[in-house]
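Here come two complexes built around subunit A, the first alongside subunit B, the second alongside subunit C.
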Partner chain A sequence: MDMLLNRLKELTNNKYFQCIQCGTCGGSCPYGAYTPYTPRRMILAIRLGMVEDILNSNAQWLCTACQTCTSRCPSRIQITDGIIPALREKSLLEGKVPEELSTALINIMRYGNPFKESPMKRDGWAKELDFEVPTMMKKKSAEVLLLPECFGAYHRRCKQATKALAKVMKILEVDFAILGREERCTGDHVRLCGEFALFEDLMEKNMKVFRKYEFKYIVTHDAHAFNALKNFYGLNVLHHSQFLHDNLEKLKGMFNELDYTVTYHDSCYLGRKNGIYEEPREVIRSIPGVRFVEFKRNRENALCCGAGGGGIWLDSVMREFVKVRPAEDRVREAKEVGADVIVTGCVLDIPMFEDALKVTGLDGEIVVKDIAELVLEALEGG
Partner chain B sequence: MRIGAIVRIVPDLVMGIEIEESEIVPFKYVPNERDEHALEEAVVFKEKTGGNLEVVGIVDDELRDDEAMEEALALAYAKGADSLKKIVLNRRTFDRREVARAIADHFKDYDVVMVGIQSIDSFAGYLGGILSGVLGYSYVGGVVGVDYDGGLIVQKELGGGVVGKFRVKTPAILGVVSAERPITFVPLVKLRQAMKEMKVEEIEVEVPDMGGIEVVRFYEPEKPEITLLEGDVEELADKLVEVFKSLSLV
Partner chain C sequence: MRIGVYVCHCGRNIADVVKVRELVEFAKRLDGVAVARDYKYMCSDPGQELIVRDIKEHNLDRVVVCACSPKMHEKTFREALKRANLNPFLFQMANIRELCSWVTQDHEKATEKAKAYLKSAVERVKLHEELEVRRVRINPRVLVIGGGIAGITASLLLANSGVKVYLVEKEPTIGGKMAKFDKTFPTLDCSACILTPKMNEIKDNPNITLLTNSEVIDVKGYVGNFKVKIWRKPRYVREDVCNSCFDCIENCLFEKPEFPSEFDEGIGKRKPIYIPFPQAVPPVPIIDPNTCMWLNGKKCSRYCMEVCEPKAINFDDRGEEIEVDVGAIIVAIGYDLFDARKIERYGYKKFSNVFTAIEVERMLNSSGPTGGEVIVNGKRPERVAIVHCVGSRDEGNRVYCSRVCCMYSIKLARLIRERTNAEVYNFYIDVRAFGKGYEEFYKKALEEGIVFIRGKVAEITDHPINDYEKSEVEKGRVIVVAESTLSNSIVRLPVDMVILSVGMEPPKDLEKIKRLLKLSTTPDGFLAERHPKLDPVSTTTEGIFIAGCVQGPKDIPDSVAQAKASAGDALTLIERGEIELEPSVSEVDKEKCSGCGICVPLCPYHAISMVRYNGRMRAEINPAMCMGCGVCASSCPSRAIKHNLYTTEQIRAEIRALLA
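Right after this comes the complex of A and B.
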């Protein structure tokens, strides 16, 4: 219990007891109506010494770290980065870990990725391109370090987005390189799941690799990697929508017309967590022929895709409580506003929405594209 | 209840061997996956019976300090093993009968010993079975659950999705295929703590060379015949159907 309280103090800057029990958090939470413990009730239960009741209910795992509660809390309490991971840490230490998450964490600890894939094959996506993507090991220095993160490196669908981004960089004649087999998980989900020691271990190992090479900044299309590198590693990092935005004048001259009605999904770790709203919108709007429509819930109010904070490995826990996944609601919202393309800014969104399209029967009516994929399509002529 | 569990390390098939221009990066070792299940089941059984769990690592002499063995034992300790042993094998051959004979004496003091039903470095994976033969104990393989109601009750997979329940006389060796709960993750803090605190009793064992089997020759597998099907989608579909028919698949 003392360890939990110390962790809560540390992660919330001692603010967790300033909760005024207003209920804004639970009212804002995508799982608020289903969870036995909203953040408000969690804090109350902690005050009453009923921590085991929360842990036994599994409510600590029913959170996809969307940051909505935190961004709205009038007492500015770090719920997403504090209360929830602290409770999860206690759960982990007591050996109560949901199955898929357990497997993902074992794999990250052993192999530096959640898929039980060989670290040697981390650059496999680059070998599928018809040009060579240089590694830092060979090149030693580059202007841009492109960091695909685990999903972008290994996941069958997500690596298409990585390849698109690399192609755009090539077209823009950017001097870039990758870490290849030297790259490993940056650990944002690990941290949000309360495995702080593993997060620090990953950070230490990654920093050792980063320090070996010279680069001006990192570019990543994984919003969680972006968040970790920016706010915890303290590195100079651009989300790829910012990178595309920085190169927009050059890109504009090369864009061909596309015939799509596009909506843009604000990923939690770009928008609510890091305030990036306009850059991706400006990139999309500047493509000729594209009709841009907003989701009804957009920017600060955007609905989470459900993958964050380890959510992608917590589906069976979620299903105990929730019948309809947030991603399913989200793709229905896209249909409501008449979009035929959902453009995303975080690689994790892609499989979440593509699965949701299949479940909702909207597969075929709407497609999901990473912003780099849309840009590449405009460059290559649709 | 005195419970024993065996853990071994095996080459990591995920990492594989990397052949580079200037060097061959050798494979690493990892705890044997089936033994991880045996350990998990042994931990579950300890929780059910309040028994004493001793985990025994078995490792070849040249790998005695391999970090995978240390990790396997630390994981066991962090999960609740009461004591740890490491049997170091000095051997020239890789016959499981010889290993079983050599280590049998060290498995006489348990009521139940759990061991993974296979390991990727052992083609037939029959250590548990032979060990029980040497010791004269009961043996059940394909185990997916263990209970105790004053006697030992073992659930075993029988194939085709059928599971059977058996009452088993102790002492017994159980070949575990899958623990009844998923392998639990041990947080890094607990793993590091276990590595610091654990005490491992090391035992050197000479493996007898029993002879009786001599390699005459190894055969390379036959090269499969490959036929490339070509044509447009319609033609390909027709050709595929022909192939399936010739294989009696449709």
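Right after this comes the complex of A and C.
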């Protein structure tokens, strides 16, 4: 209990004591209606010494770290980066971990990725391209370090987005390289799952690799990696939508017309957490022929895709509680505003939404594209 | 030098710990001490008389009292010196109670420490000089800035006791926010019925000069002697001749009101020539230069001018600068409302069902734009949600509680229920019904069937998550989402109308006024009072007082009470006719001053200015504004500033004796 309280004090900057029990968090949470413990109820239960009740209910796992509660909390309490991970840490220490998540964490510890894939195959996606993507090991220095992160490196669908981004970089004649087999999970989900020791360990190992090479900045299309590198590693990092935006003048000259009605999904760790709203929109809007529509819930009020904070490995826990997953609600909303393409800012969104399209039967009507994929399409002529 | 030293027992407070006899013997041996005595209570009449008698009999020229804190009795003993015809500043106090007897039980150490204080007081007082109290005359007129209920109340109290008042209001009419309400909590009496008689009194009182559509642009001087410049903006209608027939408005080129009415918060319309509301004071129309055809250089036959019998319309009005001299100023510029657009998820200005409370106040007002009807999207609402704490109690916006929103929300709930029979839901964090009759008012609302759901609204949305919600949204409703914290459930309530109970903010002109009057604010952004409990309507600037919401959120009863208090304080100042200026202030030796100006921004009371002296710029301290804090003296690199009662020599002597 003392350890939990100390962790809470540390992670919330002592603010956790200031909860006024207003319930903004619960009303804002995509799982508010299903969870036995909204963040407010968690705080109340901790105050009342009923932590075990929370842990036994599994509510600590029913959070996809979307930051909605935290961004709205009038007491400015770090719920997402504080209360939830602190409870999860306790749960981990007591051995109460959902199977899927436990496997992912062990894999990350052993292999540097959650898929139990060989680190040697981390640059497999690059081999599928018709040009060579240089590694830092060979090149030693480059202007840009492209970081695909685990999903972008191994996941069947996500690596398509990585390849698109690499192609755009090639077209832009950017001097870039990758870490290849030296790359390892940056650990944002690990941290949000309360595995602080593993996170520290990953960070230390990664920093060793980063320090070996010279590069001006990192570019990544994984919003969680972006968040970890920016706010925890303290590195110079651009989200790929910012990178595309920086090169927009050049890109504009090369764009061909596309005939899409596009809506843009604000990823939690791009928008709410890091305040990046305009750059991706400006990139999309500058493609000729694209009709841009907003989701009803956009910018800081956008709905979560459900993958964050380990959510992507918590599906079975979620299903125990939740009837309609947020991604399903989200694709219906896209339909409501008349979009035929959902453009995403984070690679994790793609499998989440594609899965949701199937469940809702909307897969014939709407497609999901990473912003780099959309840009590449405009460059290559639709 | 002949110094008298007096050691007080303070009953047993001092004498039980400090050996007072030993102290007296110690004093007697000090250089320059002519008399030393101890007494049970030095502050008592016989105690003071002891000093007076000794001064006369022993020809004393300095006095030291070893007793309690100078904050308690320095004044008492200075008065005693005065009675014995000795300059009261040839006096020093040593605090041997709070600093010695109250902090230890060790008799030896307490006595040693007391001796050190006694000696340092003796050494210091030797260097004291005679200081003269100066007097300045006080101008008996008062300026009141802001004509809301606070400014109106203060003006009337002053005027009725014979004081000449200038009341400056920036809008075309006085009345402030209260003029917009239909009813007021907790009594539900009609706002206009209690306010308009007071507004008319302002108009009719010969002691009050009312300057509406005007703003203060410059203030110079100090307590008792302020010189104020006021800018009267052009009204284009002469107040002195207009007879309030309003034929001009009737005959304006614009047959129908077309422009959003400021007074109606934009939900009503007005013409370019208009009167904010029927009982406005002064009851004189105003022409808005932004919407008037003629003033925009467009064609217009100026029917208004044509039909005006007393010839009051004056298109050549250029405004004017007015200068007045006053002795005191009351700031009563009220508050602004939180801009609900800042909380995007509440959908203000996005959904036509979402209103702010003040808009609904206008809607409910029988002389307002809808004639008192509550109409949303063309029909009466059947279900209404009231969202408390919009912008208040929120660290991202305003941390403080705005104090009136709970009560006005309950008021609006009751009025809407009464007029429309709608279901009304209040979403609240805590119901703060703190005032007289307020809890009773809340209970009445509960009895009338108004629903209270404890939970701050998370969002207001038109995105349905199921078929039921879909059909509700299609009916034009929006969905209010909140956690009902008492039932541990998430509420999604489709409603026809949402009222946002926006909180209070410091008025936007406050920055300007603060600069002009050299005032300071508390962290919440409202004006700082001199002492939050014991001096709530004075400011850190002598002669300037505050009233109403400009000091912090409050309701009408509190605003009125504070207005009367500030008028009382202003009267107390004026009634004195003149004020004594503390001589323990700082002075600049202009010969030594290098003109660097470092001291000017450091002075917390803005008492220092640069003046021309023998052809060079030199600092000068206004003794009427100096509060004697000494910041300037300690910061002057040329050592040109001297604090009369804290000279370097005095402080040095004091320290040397303490360390000896």
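For this structure, a couple of remarks:
Assume the second predicted complex is superposed on the first by the 382 of 382 C-alpha atoms of A that agree within 3 Å, B and C clash if a C-alpha of one lies under 4 Å from a C-alpha of the other, contacts with A are read in each partner's own complex, and residues count from 1 in each chain.
Just so it is clear, contacts are C-beta pairs under 8 Å (C-beta built on N, C-alpha and C of every residue); 3 or more make two chains touch, one makes a residue touch a chain.
The model shown is predicted, which means the values in this text are computed figures rather than measured ones.
After superposition onto subunit A, the partners subunit B and subunit C occupy separate space and fit alongside each other.
Of the two partner chains placed around the shared chain by superposition, subunit C is the only one that A:R297 touches, whereas subunit B remains out of contact. Touch criterion not met for A:P351: it reaches neither subunit B nor subunit C. By the touch criterion defined above, A:G306 reaches neither subunit B nor subunit C. Applying the stated contact rule after C-alpha superposition, one finds that A:P119 touches subunit B and leaves subunit C untouched. Looking at the shared chain after the overlay, A:S102 reaches subunit B, while subunit C stays out of its contact range.
After overlaying the two complexes on the shared chain, residue contacts for A:R40 are found with subunit C alone; subunit B is out of touch. In the superposition on chain A, A:R110 makes contact with subunit B only, not with subunit C. In the superposition on chain A, A:Q21 makes contact with subunit C only, not with subunit B. Once you line the two complexes up on chain A, you'll see the smallest CA to CA distance from subunit B to subunit C is 33 Å. By the touch criterion given at the top, residues 89, 92-93, 95, 97, 99, 101-103, 105-106, 109-111, 116-120, 195-198, 201 of subunit A touch subunit B in their complex. Across the complex, subunit A is touched by residues 344-345, 389, 393-397, 429, 454-459, 461-463, 465, 481-485, 488-492 of subunit C. Looking at the complex, you find that subunit B touches subunit A at residues 14-16, 18, 25, 30, 79, 182-185, 187-190, 192. Across the interface of their complex, subunit C is touched by residues 20-28, 32-33, 38, 40-41, 72, 74-76, 296-297, 299-301, 324, 329, 333, 336 of subunit A.
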